[in-house]
């Protein structure tokens, strides 16, 4: 029972998308975590979109003195082949970000379909889908990858495929739980009562009410994918000639960068991965708080004037 | 009343009611796969609804009344028994076309005006979907016009079509629920506690609207409620349920002015009227039972001040007394002038 | 006249929201004497629940008391510190909130929750606690064997009565109830009310009973307060209000109940809906919905006028009140 008995308007139900963009924007500004997270993401997106505006050297040109430490013209030093580390970092942003987003989108989508169908249809379908999900959940990822590495051509595509396969299962269970709580809500009963088909109900009636959970799933996945993609590439499962932060780490490791004195070759991409992950994570926290007022920090407000005109 | 006579007469062509149930039963299995507990939500229900009438289905929670609505709306199948709509057995409907036909004839309005609407879409969503599914003959523009017309017929302005559910009050939302139901041009609306969650001053408007639907649009309504006073206000006939059984049914005024079943009498004495502050307190402090794996016998016997031995041995069936039916051994015996065996205390537990 | 048990004087409560402050309770005054049963009646949005929270000192941000006082036996509760309040709570006054039966911890037995409550407010422990728990369960008519049950094993009516038993653990002088019967059926409601009234006679506590259902208070209360849009619309003895309701809103409420006896009349209800308290109507807050509205109602805000035994906030009675003085 709402304590606030002002008029008869209830607080918006979770998943209420009306006027959401504007409200969301204001909420982001007001929440410190969200603002910082959003700024990080915007910065990284900008760098991904306009690398030329930020980096001052071509990333792959082997023009410079190799293994140099940081200096004014090479902010993060150079690689063992004489490439500017900073520029490499900057130009790698785009592919890294794109892969992260694509994998997160696909995995969220798949987990949504599986989770919601499972919840809505129930019965045998539910059990079968959950068994499949569990299998994917407990797949030992690294052995699988090593196996696949022998057969798949190294590179971004394989990486994307592998990441999608191994990351959808976790969220599927969560979305299924949420779907189950919605299952007997009256508006779904009403949809059934008027004769809507099952597929319609899943896509049009259920999924839109889960937007906040879907966004949260997406953001959590993104945090995971950022780190895991880099890990996989570091282990050699990427294509070292592709420009991504993970491949930079691989190359740096291969060239023993830390011993050779240009540690920034490894630290740079490492910090970038951490930064991107943090950005997603902060926005994720804030999104929770925006969507669920109970989680907001209670701040004493100062008294303002009466609301009447 | 209707169904009692039907078993004894050859039904004439125009005596077929709009909707009729025969021994309608619905059980739910409780617990896991190996549990042996069966909840009897509705047992052996025989009711009939005619055209252009409002029938009130009255009972407390656990009486089975909401289950009846969901059975009639085909939200789940009955465990036993049949439902006939215009003489057609609806359990046998299989094709999508037939099913859609039925859903366009019989619609349901749900109880909770706060969760009955999709939180993301405007309130026009339900109406427009109903029109798209059931009134295929209309073009897109005609559907918009029809949506506006239907809103107005429930007392809402057409401008409200573009509102969101959370912008409207409980009473307004309930009217939208009726508008959605009306959009398909149904013959029967199943209204599951449509006013229970509304403020008292708003109920009158919705109840008056329901009576208007019967009078002007020729729609029948099954009005499900626990509030016997509002049942009196709108209903032509009343059916009283207790623990899954029909206990009394008949014309509203008859049943309410002279209730024969002890449960109906209890309901009436408990229903309060603010103008009537004479204390009519009953000593009853019991509650409707959860009917799990029940035995034979009347399910009201533990709370009944008139229970006799027979009540714990034989389940009373609805029997005609005058223009109504009553499922009570004592009441039937009294009506027929048969002397009663000595009353035992109501604790004839078996 | 004896000192009242509870005296609320010009209490106002505001909610501090993004778009400004909203006055949910506006200048409400009333008193409750020992052993009295006061019914507070009103519909959604009238402020009655907020009023209760304020009286029970349970308001939390963004709600806060904007003015007035709440005095229990003469002590102003609004100014009391947390420790003193905690001492008073449950011993001197206790609460049964709406859907209280959902406020029971599903993981603990009823007995455990009773002991917790006793311990939290400095009451008995161990065997004494057990004895007291048995006593209160018997008071409300539940077999004490149910003390070992978990809440989900009890029916709705029993859970509600268990909450009332919990409220009586210290035999407080005042029990505040917020719609305690809203989730119960008609028969269960009546039996609960009867039980409460019976307990009141036996133990002598006062009751503040908040509800939207006038019929519930008509048989049991001594006095009734009708609230609308955060203000007191009418206050009188139960007999006076039911036999001669003065405020058009009260009359509207009464006529919204379909009657069980007598001829069927047309139900009118009250058209429109309660005002948005962020932007209340000018003048009398009820005027947009009032069947007896006069031109001055749009501009003049009525005070509470005393007419006979009744206080009524309506300009229809300005003259009568003046004459009585």
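Here the chain labels run A, B and C in written order, and each chain numbers its own residues starting at 1.
In this text, a contact is a pair of C-beta atoms (placed from the backbone, for glycine too) under 8 Å apart; a residue touches a chain by one contact, two chains touch by 3 or more.
Please read these numbers as outputs of a predicted model, since none were measured by experiment.
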{"item": "Pair joined by the larger number of C-beta contacts - A-B, B-C", "value": "B-C"}
{"item": "Farthest chain relative to chain C (centres taken as mean CA coordinates)", "value": "A"}
{"item": "Rounded Å distance between chain A and chain C, as computed from the means of their C-alpha atoms", "value": "50"}
{"item": "Rounded Å distance between chain A and chain B, as computed from the means of their C-alpha atoms", "value": "50"}
{"item": "Euclidean distance of C-alpha centroids - chain B vs chain C, Å", "value": "33"}
{"item": "Touching two or more other chains - residue numbers and ranges from chain C", "value": "44, 273"}
{"item": "Chain A residues counted as touching two or more neighbouring chains", "value": "8"}
{"item": "Two or more partner chains touched - positions in chain B", "value": "169-170"}
{"item": "Complex contact set, residues of chain B against chain A", "value": "73-75, 99-100, 103-104, 107-108, 110-112, 114-121, 126, 129-130, 133-134, 164, 166-167, 169-170, 180, 184"}
{"item": "Of chain A, residues touching chain B in the complex", "value": "8-18, 185-187, 189-196, 205, 208-209, 211"}
{"item": "Chain C to chain B touching residues, read off their complex", "value": "43-44, 141, 155-158, 185-191, 194-195, 212-216, 218-219, 238-239, 242, 252-254, 256-261, 264, 266-271, 273"}
{"item": "Complex contacts: residues of chain B adjacent to chain C", "value": "60-61, 169-172, 199-205, 207-208, 226-230, 232-233, 256, 266-268, 270-277, 279, 281-282, 284-285, 287-288"}
